[in-house]
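Pasting the structures in now, so scroll down.
In the two complexes that follow, chain A is the common piece, with chain B as its partner first and chain C second.
Presenting the complex of A and B:
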């Protein structure tokens, strides 16, 4: 167990994938909203709601899978409420998100106290954590098997969601319409696309995915709920959606990056002489670097576009005198 | 349309403010034991909401005990984190409490308030790291290195892999006091053992991080982990249950959170440092300044001392069989430490030779 490289083990990858899953689910939700042109800054509160409702439903139903479904429905309903307030009353999405982020963190604590007395974290021995599943055949593949197998159903579902979302957005007419709405809502409406329906769909799906990510924290990873359990992961998910340019595969890679950065900083402490406070900063530094890269890339893309446009103009001007004599 | 928007927004804003008030700062007033008029009153300001199953709850137990045993009426004022501390303290000062206890408040801010209101008595049940204190502020510090040493003795005697771990909330003397003592204890009974440590960067309310950190240490070969990380530590206890391995609780008795996987808890009795200043004021013996308490005064100890037998009855047979003999060993060391014959390394004075040697390992 000597040297920096001893931390690069299969367990590190396992840990990174587990830490990435809640971020991935919420980030997919954020990405589909961005694609549909509805900014969703309320991922944090939707995750927290999912974490809370998930463990509560698992307790009352006596079934953790039931808890996951109820959490997704609750997140979806919150998304629907968002869509309703946005489309019916034109409430500003940013203000709405701030209001919900504030209200959910206190509401969960309030309900928890009302139901279970004076507690800041809650758990019950009867709650069963979502079991880990070994996939037959795949788990026997050398090297890849232990990396791909041995997680619970939420992790596999998150991978599945990446594929489904990719197919929907880039290979199906519905997804093309959704992206058109995000690109230019009025233009999409003039060609008969139901923009309101598609934006509502995006908000509902996003709510359900973020809530599932939250439920992963409370019943998929641990089996307890604590105040403000999402702990900023919803915000990291927003960064991951941006980093992944709102493309499902990009979002997948971005979330894995954040998950691995976290897992790495946890494990590297025992094999390096670096001060632990510095090591714990690594994921935050990574996030900052990523945001800078995004900003630079946007800037470069813009200047490239401008240069192309100028080149085109020049070409046209050069072509003009040639035309005149005719 | 515009009106509707305002309507919806105002409802949301009002509801969030109301719920914040209900969820966070609801003062939990306990019934006074005696109904005497002109009663002595005090208030405890908590750094975070109750229910951490650790030191905030322990402090609340001290208030409950004071209400029961002393002719006082004490309230608990909860806050939602550091942004609300000063407001809560000033609110309490305005309400004319005889004594105001601030748990884990920012030292500069707390001392500043004490200087601003020289007639108000203040107490801090947890440590304040400053050179001097004003006359009207008493600050307690519980030394935990000796009790953590005993934990280390237990862990060093029980480990099978000869590798043990510690998950510590942050790299600071108050937290390292737990870790250094523990490490010394482990190496005392098991010189060829390896003690791994992971710090959480002062993230005390992130059990997910605690869980992954503990799994990381278990993957590196540890079989017992000492958690010193508040609510993040609950993730460590959960990791022990998931891997069917073992952990050590901290602050309060946590043996029952994951029965059979938590071997023992090291107690830091914040209930006693909460109760003590109240009693001082009631007895008319209040004096400002620093107060240090430790295992000797019964302010730090083990859950076993208080009769916790959860692990003995629910742990695996091969480990529980060793416990009577370990208990004898622990008592031997306890006697040696209390008589001054054996010195445990203290993270507040880490430059002593034995401490330097210990840290180099």
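Presenting the complex of A and C:
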């Protein structure tokens, strides 16, 4: 029992926040697409692309920050390609997403093999992991300091992105127009709002954010690329966007939840003797539970409402027993 | 006087359907007038107005505003020339507030940020200016339809439109809301605004318009002063032949009770009463009309009777048997027919053929299938019979139905439902979106079924329809029966009062007060 309690430490919080970061970045991207009415199921492949392009650029440029920028540009371009195929040729977004999710996994392996001869994974000693930064003053605050400080720039950027996206969506005309496009496209278009532009913007931003999340995996957290490195995080991000009702703050909390579930399973493996394969399933079980909750929410609410109504009817009936039928 | 708008020789072909929607149409509107544009569905009136508003590009033709030739390629051009459109299906964002909707696309900002307070004040001032009160902070999805329409009108006025196009504005309104709208239109016309009013309800044309233009089959048939024409003349111009505007009905031959609702209650999605303690009977050989503004429990009532949803309280008897547990299929086998509200989604499968749509309710009948196989030949003979009996134009057995017009699609539904000699028919909005000719057909067919001895429950938000067809009228208000009227003696005013939640006592007092005022 003592072993289980020793799981909850500051390190657990730290690693939860780190593991939440790639999910948060991709989920923010998913959320802005949902708000603009363009379903983005390709977060997975955009993350993977970002992870691969990020480490590749870091290697060739000799600068990991440069790697991050190139990854974001690559993700943004993929988003732009999506927008182009969707608006110009009316290609279904779901089909596009499936196609890219399948292609990018194999494409990264193909390029990795062509360039370096490796199939499963690749790394190079010259690649530098993005360094962690201690924030002055904040790091000295007791208790909160160690939780809020000591991460790399991608983690801070993801928090910044939450705030910026909130202000854009709910306090600026552009964001309001974007939400109007997502909810009723023709209403927005009849007042002269450029729906195509805003949906393109959402897809580009979402591609860039997801790719940055991917680059976090390859050069922010490790310094290594492996086949299918995103490993389902893009799909978890889609769940996080739904769980957070597409609101930046909600998405932030939902992503933290998934990040902690991930960190928790890693810690439990270290300190207990539960079978590791079982514990590793934990984040996936958490995702499954969340998706079930999302799916059942309306249904359960409906049947609860109905039950309430019937109880009320019975109560009315009981209240007037003596009355003769007319 | 120079016309406010003049459209000359407008022609538009739709290549995909090989239809000439507008054929050298000339149309002109005087400044400050209320001009009604009428025609059946597919007559081309919406196409003409979409061209004027820049939603569709004409193949040829010219548009003049105040005698100046202009090009309108996009709604933005139209707005710039002072043309605004209130669409039939509102272009509103439901989760946004009234102010956010009215100012959408033209929000004032401070340092790039929105200011909710300022927006609300702007909209309040706008509403005051035009005497169209609204609550700027209310969410549009919580507003009744009449209010939503007011938001749309304010949205157009805020964009400095001088010419307003209203596309079938009364289709979704209650009689009271229609009266309010007429007042609003009259008021705008007095302020110098020009109003174009698209409709196919001729009564409204007579009450609100100065002039009326009639279209048929893509051509402009003519323009008349309202004071110099009549409803029968306009109907003739619209349809191209004499139309029976009122269904001829024989004396009712009332039989036994066929359907009875006993104290039924049904919950809505929030656990509140959609239908609350409702009881009524429908006899053979009578049409019982359920009047009421849409959203007062009609959908839930119809779903419960047809078996698509369960009851929460009370019971329903069909031919004297309690059918609360019976499935849709079992109810149909007992002789219940259902003409649903939405023919596109519930009534028909547009992806399949006429034959399959006609037998979908009875495919496992021994008449149509044996040993699990469909008897294709019998089925197509049957389809042929139905097509002839219900004169479903352009439909051929074995072919798809997706290209049929709304009127013909509804005939397919009516044909399927009535070909089994049902004892009881639920007709939910049976003529919604149909033109005068098709309405005439559906009404005639329903009355024939009644005369053959079927009990009919007619649910409709169209007051005229309920008044014209019913033998008895029940008015549904907030899930309760607000009143029952004998259709032979009921007045439109009485039904309207009940629909708005009032009672007949109020009306009598009001009339007495009026008379006393007159006497004194």
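Throughout what follows, the second predicted complex is superposed on the first by the 283 of 326 C-alpha atoms of A that agree within 3 Å, B and C clash if a C-alpha of one lies under 4 Å from a C-alpha of the other, contacts with A are read in each partner's own complex, and residues count from 1 in each chain.
We adopt the following convention: a contact is a pair of C-beta atoms (placed from the backbone, for glycine too) under 8 Å apart; a residue touches a chain by one contact, two chains touch by 3 or more.
If you're wondering where the values come from, they're calculated on a predicted model, not measured in any experiment.
For A:11, decide between first (touching chain B), second (touching chain C), both and neither.
Once the two structures are laid over each other on A, A:11 reaches chain B alone.
Is A:272 touching anything from chain B or chain C once the two structures are fitted on A? First, second, both or neither.
A:272 contacts neither chain B nor chain C.
Output check: A:304 vs chain B and chain C. Expected answer is one of first, second, both, neither. What do you get?
In the superposition, A:304 touches chain C alone.
Once chain A of both complexes is superposed, is A:280 in touch with chain B (first), chain C (second), both, or neither?
Only chain B is touched by A:280; chain C is not.
One more residue to check, A:177. First (chain B), second (chain C), both or neither?
It touches chain C, and chain B stays clear.
Quick one: classify A:121 as touching chain B (first), chain C (second), both or neither.
Only chain B is touched by A:121; chain C is not.
Tell me which touches more residues of chain A here: chain C or chain B.
Of chain B and chain C, more residues of chain A lie in contact with B.
Where on chain A do the contacts with chain B and the contacts with chain C coincide?
In chain A, no position sits in both the chain B and chain C interfaces.
Applying the document's contact rule, which stretches of chain C touch chain A when the two form their complex?
Counting only chain C, the residues touching chain A are 75-76, 79, 85, 87, 90-96, 100-101, 104-107, 109, 112-114, 155, 159, 265, 267-273, 312-313.
Considering only the defined contacts, which chain A positions touch chain C in the complex?
167, 171-173, 176-177, 179-180, 183-184, 186-193, 301-302, 304-310, 313
Residues of chain A touching chain B in their complex?
1, 9, 11, 15, 18-19, 85, 89-91, 95-96, 99-100, 102-103, 106-107, 109-110, 113, 118-122, 129, 217, 221-224, 226-229, 231, 262-263, 266-267, 269-270, 275-277, 280-281
Sort out for me which residues of chain B touch chain A in the complex.
So the residues of chain B touching chain A come out as 1, 4-5, 8-9, 12-13, 15-16, 19-20, 22-24, 28, 48-53, 56, 170-171, 196-201, 203, 205-209, 211-213, 215-217, 219-221, 231, 234-235, 238, 242.
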